[in-house]
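One structure coming up, written as structure tokens, with questions to follow.
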Amino acid sequence: MTGQLLLQTVLSGLLVGLVYALVAVGLTIIFGVMDIVNFAHGEFLMVGMYASFWGFALWKLDPLFTLPLTALALFALGAAVYRLVIRRITDAPMLSQIFTTFGLMILARGLAQYLWKPDFRSVDRTIVAGKVAFAGLQFGLPQVVAAGGAVATTGAVWWFLRSTRLGAALEATAADKEAAALMGIDAQKMFALAWGIGAGCAGVAGALLSTYYPIFPEVGANFILMAFVLVALGGFGSVTGAFWAGILVGVVEVVGGFLWDPAYKLVLVLALYLLVVWLRPQGLLGKA
Amino acid sequence: MSRRTGLAVGLASLLGAALFPLLVTRPTWQNTAILMLMTAQLGVAWNILGGYAGQVSLGHAAFFGTGAYVSTLLSMRLGVSPWAGMLAGGAVAAALSAVIGWPCFRLKGHYFAMATIAVGEIVQALVNGWEALGGAVGFSLPFTESGLWGFVWGRSKLPYHYIALGLLLLTLSVNWLVTRSHVGYYLRAIKDEPDAARSLGVSLGRYKQIAMMLSSALAAMGGTLYAQKELFIDPGSTLSTSLSIKMALVAILGGVGTLTGPIVGAVVLTAIEEASRIGFGGTGRGTDLIVYGLLIVVIAVYQPSGIMGWVARRWPAPGPAPTGPPAAGLAPEAKPS
Amino acid sequence: MSAPLLQVERLTKRFGGLVANEDVSFSLGAGEILGLIGPNGAGKTTVFNSLAGFFPPTSGEIRLDGRPVAGLPPERIAALGVARTFQIVRVFRSMTVLENVMVGAMLRHKAVRIARRLAEAALAFTGLDRRSHEAAGRLTVAEQKRLEVTRALATEPRLLLLDEVMAGLTQAEVQEAVEMVTRIRARGTACVVVEHVMEGIMPIADRMVVLERGRVIADGPPRAIASDPVVIAAYLGEEYRAPGP
Amino acid sequence: MKASRLALLATALGLVAPAAAQEIVLGVIYPLTGPAASTGIELKNAAQLAADLINGTDRSVGLPLAGAGGIPGLKGAKLKLVFADHQGNPQVGASEAERLITQEKVAALQGAYFSSVTATASQTAERYGVPFLNADSSSVALTNRGFKWFFRTTPHDELFAQNAFQFLKDLEKKKGVKVKRIAIFAENTEFGTGAAKLQEKYAKENGYEIVGKVLYPPKGTQLTSEVQKLKASNPDIVMQSSYLGDAILSMKTYKDLGFLPTGLLANDAGFNDSEFLKTMGKDGDYVISREVWALDLAAQKPVVARANALLQARHGVNFNGNSARAFTGIFALADAINRAGSTRPEDIRKALRATDIPGDQLIMPWSGIQFDETGQNRKGAGIIVQVQGGKYVTVWPFTLASKDVVWPLPAFEKR
């Protein structure tokens, strides 16, 4: 029995970890290209969830149908946030970057409560409702679909960075802003692109999460710490690093919480992070 | 502005702070003033490590909480006077910072900041689950008007105001002494060129550790003052990451690496918080968060080097520019090495 | 010859597959000046960094007054009396010239007043005292290199490692540098000088070590080195001969 | 229904009548931003409704002071509520309490939902000697601090824990249901750990076996490991203390992992929030929760229906345990001020000590409001409700029950 239960928790952890990874991928792209840690990244996730919710509440469109639209909307929002605010602090010291994104976080939560009331919302009837059960294991269908969606999106982003010209330009800018500029790459466009993709990833994650996770103005706070840990654990700027870190953390959190004590599952994840970063200061796959 | 006018402004504000509660008798303003002094003290303490040593810690609430818990436990369980508890809290926090600092100093820039967040969250989670430390319920300190010895007063705000002012002055003087001593020179050298400093015999770990221990001890003393003023402590109010971020925000807003930056930052940030909450909080529409967030963004975007940075530009003092934003490990181009 | 101040035996340093230094051996007495020359990429700075403790050698021994120091961190080696300058200048930009040198002086004298007095003396010695209240970042490259030397001297070292202090200097500035190094030696401080500027190093070096692709190909007095066919072929090229017979 | 709408209109008009002789200012502190903002605003609306009813002239609702056009004992002075947001932060709660006392010159305070914030805010009230009425925090510690100015109308966790086990005993007698194995599932905050400790104590006293105690950090990203642990301890019933977000997430996780105890006994909070049933739909059916109020009390107390109609008309939501208590709190304060005939804190305190409101003048299922020497309402009582057909119905005490309890919990699929 316990073997099966263990397998159940490992797989559940995997599903959760993949969604974490998608949120972290967005965060690490922004960091990779611009060395900015976006404290407001959770709020992109929140807006993605609200977009999916309103699509469902107003026009009865399932979050998975509106997912591409949500992704585009968040892409635009991310680029806009870059142009309006972040563009002015690209060369400011890390401290005021933290200060700015922290301000954006509070502003976004205030606006969300002002526009959409603080009540908890949820998408109660989604086409992916129900359960997946096989070999004595059981998983919520929304979670499985969310994990699938997360892997697909992360894969798409990875493919984009690896094999498209624009993706290569982005990677070049991440490697060295000045050198990339010499090659005629417009840094401003790249930064906007980075923030667009970053927010887009969070938007997709939001759409996927909205199928089973409650939606409220503060929801970003529940995920941002995990995203930070993954980015640092995977190595700042490394998409694959964030992906593997997501899986590792997801499994450690769920299995550790089950075997030891759920009250300390966050402590477990953080201790794991500190151990890895202490042994490899640049994280699993980060640039040395 | 020249050194003389700088000093004059300093003395004038000191006098103002000292006379404030005598002139303004409305308790709410007195309370806001105390909040400003306490926040300023934490900002200055944070700045010793974050500003001068260039090590951005986002987990400093762990030390603030240590101070609050140590003095509370000593006074409630052993009847030790909170004054002794305050010193003990400072010592325990310094020791804790040595344990935390040593492994973290291997890390640079963002990695160091992320590691301190992790440490802060772990400390909060552990205390939250630890029955002997009050667990999630925390402690309500007995409301005995035991005056100076017991460090608790009834309705009057004056004692708390002057203790907060005294603690701020102590923190400032420690900060000032550090900058005047070889430690201060070494810290600035480490921030500019860590390898060059090492080649001159400066052990990076040791001096960052000295800055960390001073910074955490002073933050812990701030924690004791908080416990004695609010008479209630729990992990959420004394160990949370949002408190750590606030300590950093205050220094950033005011101007990191400057002596009085965090004080100016504390006054402005607390004013924004109180005004936005009192002004709009009651509506329940989240407008106070909007105002608060908007003001932070505007200030951060237009004053990246903080208010004191703006002051220094506005009235340039003769001689070298103030230390300004730390370079080593923090300037954008410094990839985590 | 007094007991060798510095003894390097079979020093080897590999970065993964790349062999930066291989079996480098030489020694240096107190107050002696040793020139370390070789084409770019010969491993000169690697030797420097190994001596200064920035990375432990892959194998081999470094002894100071007979005491092994290989693998010690830079700050410990500095405390043992070895000071250095950097190929790419690393002054403390946001501090004044005087403050830069004071950081050096503080190795021996933590009291700020004494450190300031010693720093002023060092600045006078190297002729930078006129600029002591300037921000280090505002100095010319030549002045910044001179500041690094002053700062290193302020630690009262027994051995000074100078890494291309004369690179990029005008003719007159090279002479000033040569004169300064001579005065440094006169005070009993031994020097290992890495240089490309031949007319700067030849006149002052007691002995020369020539490196090529990480290996020592010659070790002897400057005149012998200048006429050694192996060195010439590897490095100096035909047209140069040591001054004089 | 038409009559009450007219009455409401009159109340509204009443509001704009020329300023009354003197205004009685009451300070109300609730979490109006942050994670608990939705509950905070429900409490605010209910309190405001109570004040408006007292200030208005419509007597149809049938509560003694309702429609009195202000406080008769003070020549019809109108009640004015000043709201403050403590954002869930104890320090902010204390400074807001001080602001309301010193700047808004409030005659009394009500608040603060979170027990930790009530602790600091009521401490400030104690320092200033201003009556603090707590209508909705259930931590036992609040009333054994020896405070003179602190009064609590709601029953506290100790009573709720006793109720839960009394309910299980009555269930056993009436329906022969034998429950042995209990698992406790709570967030590791003051609310959760406090309730868990009491549940453990009374489980031992009543001979039940605690087979698992799972504490979790609130606002987590998933509860899979927690529910797996519960499933592994295979309990007969789960006693759960969660706020709204985690209540929703845990129910969905139960369904996903196919875990269903024979009974789910919730400790109010998230399970009784109006959002819970809106979100869970029929998956929320048959959850049993301790409560202090339920709409079906109207069957025996018509005043409940009348009051609820007013809230429904104004905000489109029914009362729930939280908002009903906030509503009742204002009436208790108004009653005391009316008897004191003055806004001097000391007079209000004496009047509060002498409070003796009979049960039929409340919309609560209590036998009345009477404060003991620690300021705790000794006549408070809890009830147990179950979600049936998408509505909370009272199932215990059996004397008040409007429906029979459905036991065991039907599987999710068979609903």
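We call the chains A, B, C and D, going by the order they appear; numbering starts again at 1 in every chain.
FYI, a contact is a pair of C-beta atoms (placed from the backbone, for glycine too) under 8 Å apart; a residue touches a chain by one contact, two chains touch by 3 or more.
Keep in mind that this is a model prediction, so the values were computed, not measured.
Peer 1: Between A-B and B-C, which chain pair is linked by more C-beta pairs in contact?
Peer 2: Spelling it out, more C-beta pairs touch across A-B than across the other pair.
Peer 1: Compare the CA centroid of chain A with every other chain's and tell me the farthest one.
Peer 2: It is C.
Peer 1: Quick check: how many Å separate the C-alpha centres of chain A and chain C?
Peer 2: 51
Peer 1: Can you check how far apart chain A and chain B are, centre to centre, with Cα atoms defining each centre and the answer in Å?
Peer 2: The separation of the two C-alpha centroids amounts to 31 Å.
Peer 1: Can you check how far apart chain B and chain C are, centre to centre, with Cα atoms defining each centre and the answer in Å?
Peer 2: The mean C-alpha positions of chain B and chain C differ by 43 Å.
Peer 1: Would you kindly tell me how far, in whole Å, the mean C-alpha position of chain D lies from that of chain C?
Peer 2: 78
Peer 1: Out of chain B, which residues touch more than one other chain, so two or more?
Peer 2: 125, 128-129, 284, 286, 288-289
Peer 1: Multi-chain contacts in chain A: which residues touch at least two other chains?
Peer 2: 110, 113, 118, 217, 261, 263, 266
Peer 1: Can you list the chain D residues in contact with two or more other chains?
Peer 2: Each of 33, 37, 41, 188, 215, 217 in chain D touches at least two other chains.
Peer 1: Pull out all the chain pairs that touch, please.
Peer 2: Taking the chains two at a time, the touching pairs are A-B, A-D, B-C, B-D.
Peer 1: Where on chain C is chain B touching in the complex?
Peer 2: Contact set of chain C toward chain B: 52, 54, 73-75, 78-79, 83-84, 86, 90-96, 99-100, 102-104, 106-107, 110-112, 115, 133, 135, 148, 151-152, 155.
Peer 1: In the complex formed with chain D, which residues of chain A make contact?
Peer 2: Answer in residue numbers: 5, 8-9, 12-13, 16, 20, 110, 113, 117-122, 124-125, 131, 133, 138-140, 143, 212-214, 216-218, 221-223, 226, 253-258, 261-263, 265-266.
Peer 1: Can you name the residues of chain D that touch chain A in the complex?
Peer 2: Residues in contact with chain A: 33-35, 37-38, 41, 188, 214-217, 219-226, 228-229, 231-232, 244-245, 248-249, 252-253, 255-258, 273, 275, 278-281.
Peer 1: Give the list of chain D residues in touch with chain B in this complex.
Peer 2: These residues of chain D touch chain B: 32-33, 37, 40-41, 44, 82-85, 87, 89-92, 94-96, 98-99, 101-103, 116, 119-120, 123, 126-128, 139, 141, 145, 188-190, 192-194, 215, 217.
Peer 1: What does chain B use to touch chain D in their complex?
Peer 2: 26-28, 31-32, 35, 125, 128-129, 135-138, 140, 143, 154-155, 226, 230-232, 234, 236-237, 274, 277-278, 281-284, 286, 288-289
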